[in-house]
Amino acid sequence: MAYRFEAGRIYRMPTHFGPAFGPRQMPDGIAADPRSGPRRHSVAARFLTEAARLDAHLPEGFALRGEPVVTVEFHYLTGIDWLAGRGYTMVQVSWPASFSGREDKASGRFLAVIWENLADPIITGRDEIGHPKLYADIPPSRAWDGTHICSAGWMGFRFLDLEVSGLREVPLAAPAPPDDILMLKYVPRTGAWGEGELCQVTLTPGDDPHRTVEHRQAGTGQVRFHLAAWADLPTMHHVVNALAGLPVLEPRGGSVVRSRGGKSYRDQRILR
Amino acid sequence: MAYRFEAGRIYRMPTHFGPAFGPRQMPDGIAADPRSGPRRHSVAARFLTEAARLDAHLPEGFALRGEPVVTVEFHYLTGIDWLAGRGYTMVQVSWPASFSGREDKASGRFLAVIWENLADPIITGRDEIGHPKLYADIPPSRAWDGTHICSAGWMGFRFLDLEVSGLREVPLAAPAPPDDILMLKYVPRTGAWGEGELCQVTLTPGDDPHRTVEHRQAGTGQVRFHLAAWADLPTMHHVVNALAGLPVLEPRGGSVVRSRGGKSYRDQRILR
Amino acid sequence: MAYRFEAGRIYRMPTHFGPAFGPRQMPDGIAADPRSGPRRHSVAARFLTEAARLDAHLPEGFALRGEPVVTVEFHYLTGIDWLAGRGYTMVQVSWPASFSGREDKASGRFLAVIWENLADPIITGRDEIGHPKLYADIPPSRAWDGTHICSAGWMGFRFLDLEVSGLREVPLAAPAPPDDILMLKYVPRTGAWGEGELCQVTLTPGDDPHRTVEHRQAGTGQVRFHLAAWADLPTMHHVVNALAGLPVLEPRGGSVVRSRGGKSYRDQRILR
Amino acid sequence: MAYRFEAGRIYRMPTHFGPAFGPRQMPDGIAADPRSGPRRHSVAARFLTEAARLDAHLPEGFALRGEPVVTVEFHYLTGIDWLAGRGYTMVQVSWPASFSGREDKASGRFLAVIWENLADPIITGRDEIGHPKLYADIPPSRAWDGTHICSAGWMGFRFLDLEVSGLREVPLAAPAPPDDILMLKYVPRTGAWGEGELCQVTLTPGDDPHRTVEHRQAGTGQVRFHLAAWADLPTMHHVVNALAGLPVLEPRGGSVVRSRGGKSYRDQRILR
C-alpha cells in the first residue's frame, strides 16, 4: 500500500519516509525559541559599482533601485534550533532592486547568490524558499590586528576574500528599517533541457520580530572576488567571474554585527 | 536591461549569471569522453525484507515488483569530466517496483534515496533529474583482510555501515540487463506550506552504452543502518530510521565492481 | 655553505629553513596581547574512579594524590595570536598526582593525554613542551535544551562524548588555585626500536597571570569513552580503551567556563 | 603502582597506556603483507635551481652532490596496513646531497621537508624516523585533459601546485637504483629555549625489497610554490617561501608512477 502525503506537512525529496523536518517544520515537543537562537556573527562590506553591470544580472521584471551598491555579507550562525544547536555559515550577495509583476509590485534587496558551507540548509532553502544557494568551504572568520577576515573557496580554490577594519561602535538600531528581500526560485524541466519547470519571484518580508542586535560596529570594508577558470570552479565559475567583473568604483564601508534570534521564513511568499 | 534566458540552455539557481555548467552542459571546447570517465569503484550489498515495509515507502502509482530485496550501493567516482577530473561518492538505496501512471507504465528499480558527499551533484541531480539526494560524509572505502568496508555519517553520527567479503571473481557481464530506474521529483510550494509545487515520476533508461565493466567480484554482503535521534540527524533521521527499521530476513549477497564510463542522464524523462 | 642554527632561536623539524614560529616565538613586529587572546570556551566533566586503574597509567616516579578523580575538558579556542587569529580545539584528560624525582618534587594535575583538531599545535606541543598530544576530529560544541554537548572522533569513529547540563552561575574565581601540570616528554630512539631517546618529566606552573575568567557555570557532567577495535583507531585504540575501562564510580560535576588570555608556556620546565 | 616500559616495544607520547601501534609495530595476529600494500600513486616533477640556494638549506656536515635538482613528489597512498586499509597523502621535497659525520659518510637524497594530510603518520614519522613532516590539506589528485594536477594548502591558502603532462610510457625499472635518503631528526629542549635536545642525521636505505612498480610514465613537469605572508601560514611560511624563492633554471621532467608494497622503515638508522 503506497503512502500518501499528509495534508499540511512540508515534504522534500526523498518524500517516501514522511514529512521532512527543517527550519519551518520542527518535531513535536521540541520547544525552540526564535528570540534566543540562532546566534549570528555578521561581517559585511559594500561597494559602488556600475549600474549597467548589475542590471545585466537582474531577471525580467526587475529594475535597479537607487545607487548600484553591492553588499556582501558573511553570517556565521551557531545555536540553530532546527539543527539541534549546531551552526553553519552563509554568504549573501545583494543589491537594491524593484520588481513589477503582473499582479505584484515590490522593492527591496535583490538576493543574487548565497553560498553556504552545509548542504542541509542549501537543500531546504532552494526547495522551500527559492534561495539561490550554492556550496562553498567557509572557514571560521578570524580577527587579527583589528581586522575581521572572511573567505570562501571550493576544493582548494579561494574565490572570495572580505575584510572589515577600522571599526568603531555605532548605535544598535540599524541605520534603516530592513528591506524586503527578493529572489527568483527556478527549477529546470527534466528531459526538456533548456526549459524551466518553475520560475517564480519570491519575497521575504524585511521585518524580523525575533531578531535582537547585541553589538554593532562600522568600519572600512574590502571585497575581492577572484577570477576562476572553468576547471577551478566547474559548476560556478560563471557566478564568481561575473562578480569579480564588477568594478569597485568606491568602497561603501563595512560592518560587524552580533545578533541573536531570527524567524523561520514561514512568511516567504510568491509574487506574481 | 534585465537578462533573458538563452533558449536551449540549462539554468539552475542562481540563474542571473548565465547558463549553468554541469553533467549535462559542458563548456564549449571541453572534449569529454563518456567512455573513459568517470572511473567507478562500486561496493554493494542486498537483503530480503518484508514487502509491506517497502510498500509503505512507495509513492502513489507504484507497486512492489518481485521479491522485496533492498540494494544498497556505494559508488566511489573519480575522473568525472564535468568536475574537471575530480570525484565524489554516491550511496544509493533501491528496490524493484513498477509504476502505472495516467499515460505511462514502467518497471525497474525504485530509487528511494541517494546520499552524496559533494553538494554540487546534489544540486544538479535534485533540480535536473529528480534524484532524491541528501548529503553525507563518506570517507574513502577501505579493504582490509579481504573485506571491503564502507560507511556514511553526518556531523559525527555514523548512520550506515556496509561490508562485502568472501569475494570471488565472476564474469564481467552483469547477471541481468540493467533495470530502468524510477524516482519521484518533488518541489514544495513556497508559502503554501504543505502543498507541492512539482511532483513527477521520472525515469532513467537502464541502458548505458558508455559504461564498461573492468572487474566484477561477488561475495557476502552486510548492511547496517543505525537508529538516530532527531538531534543526531535533524534533517533526515526519519529517512535513516525507516531504513534501519527494515528487517533483514536474509542477506542476498554483495559485489565489488570496477568500471569506467557513463552517460550524462540526458535521457532522463518524465512519466505521466 | 651549510646553515648554522641561530643562537637563542627555537627550531623544529624541518630546521633547514630557519627558526620556526609558533606559540613561543612570534615574528618581530607582531604585537600579540596575551591578556586579550585566545578566547576560550571550556566544557568539562569529572568522575571518581578506582585508584588502582589510574595508578597503572602513571609513569615511574609518580603517585596518585588525593581522590582518584578524572577530569575531561574540551577547550574551544579562537583568536589565537600565533595562528594570526585562527582557532582550534583541545581535549585534555588529567588526574591529581605527585612526582618525586632525583632532584625535584612536585604535585599537581597529571596530564595523561591531549587530543587536538589541528596538527600545528600538536607538533609544537609535543616537541617543545612534552604535551602528549594526538589528533582527533572535534566538531564545534553545541548547546541544546540546556545541555552543552561535546564529542571527538577519528575517521568516522566517535570515541568520546561529554555533556554538561543543569547549569547554574557560580563565582568567577576558580574553586581552588590552579594546580601545576605534570607530563612526560618522550621520544623513541630511531633504529634501536624499543629504546627511548628522551624521557623527561616536564611541568607547567599552574599560575597564568594573563587569563581572565569572564563567565563560570557549574552543573552535572557526563563522560563516555567508547571502546574501539584496533581497526577503528589503529594508532590509539589502546589509549581510548584504557579510558573507556575506567569505572565511573560517581560523577563529580561539570562546568562551562568562558575566559580570555593565556600564557605561551615559556615557563615550562624539565624536572629531574 | 606505576607502569614500566615493556622492553623491546615502541612507545610514543602518551606512553601511559602501553606500547603504541603504528607502521613499525602492529598488533599480534594482524597479518600484513608488505608486498601487496600500500598502493601508491605518485606524481613528481623536478627542476634545476641554483646550487648556493640549496646549500643554504643543508645542515652542517652536508654538501650538495651533483646537479642542484629539486624533486617534488606527491604520493597518494591507499590500503595502508597499519591504518587498517585506510590511506593518506605525502608530499616530499628533496635534492641530492652527501653527509660526512664523525664516523659515518653517506650520500643520497636529502629530504628537506614532507607534508602529509593525516596527523598520525606525522607523529610516528617525526618521533620514530626523524621525518621532517608538517601538515597540509591535500585534495585527491586529478587527471584532466592529459595532465595530472596536484596541490597542497593550509587553512584555505594553497601553497603548492604541481602538474605533469605530455606523458609517455617508460620501462617499469627505475632509471637508476634508488638513493639512500638522508634527513635530520631534531627535538628542541623544553625550557632552555633555543637549545636542541636531539639533533641526529638519520638514513633510510634506498633499497625497498617489497615495492613493485606496476606502471611508469614520464613527461613534462611544473612546480610552483606560492609566497605566503606570516598570517597565511603562521607556522611554516618560512618553509614555503624558501622553496618559492628557488629559481627554476630549467624544468627536469615529471613522472607518474603506480606501485604497490613498501617497507616499514624499520631499517632507518642514525648516522654519527
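Labels A, B, C and D are assigned to the chains in the order they are written; within every chain, residues are numbered from 1.
The definition used in the following text is that contacts are C-beta pairs under 8 Å (C-beta built on N, C-alpha and C of every residue); 3 or more make two chains touch, one makes a residue touch a chain.
Not measured: the values here are computed from a predicted model.
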Return the chain pair with more inter-chain C-beta contacts, choosing between A-D and A-B.
A-B
By mean C-alpha coordinates, which chain is most distant from chain C?
B
Whole-angstrom distance, CA centroid of chain B to CA centroid of chain D, is 39
Just curious, how far off is chain D from chain A if you go by their C-alpha centres, in Å?
43
How many Å are there between the centre of chain A and the centre of chain B, using C-alpha atoms for each centre?
29
Shared-contact residues (touching 2 or more other chains) in chain C:
84-86, 139, 144, 155, 231
Across the complex, what residues on chain C touch chain B?
137, 139, 144, 151, 153, 155-158, 231
Give every residue of chain B touching chain D within the complex, in rising order.
31, 78-79, 84-87, 139-140, 142-145, 149
Chain C partner, complex, touching residues on chain D are 1-5, 7-22, 24-25, 27, 30, 52, 55-63, 82-86, 112-113, 118-120, 122-124, 126-135, 155, 184-191, 193-194, 196-198, 200, 202, 230-231, 234-239, 242, 266, 268-270
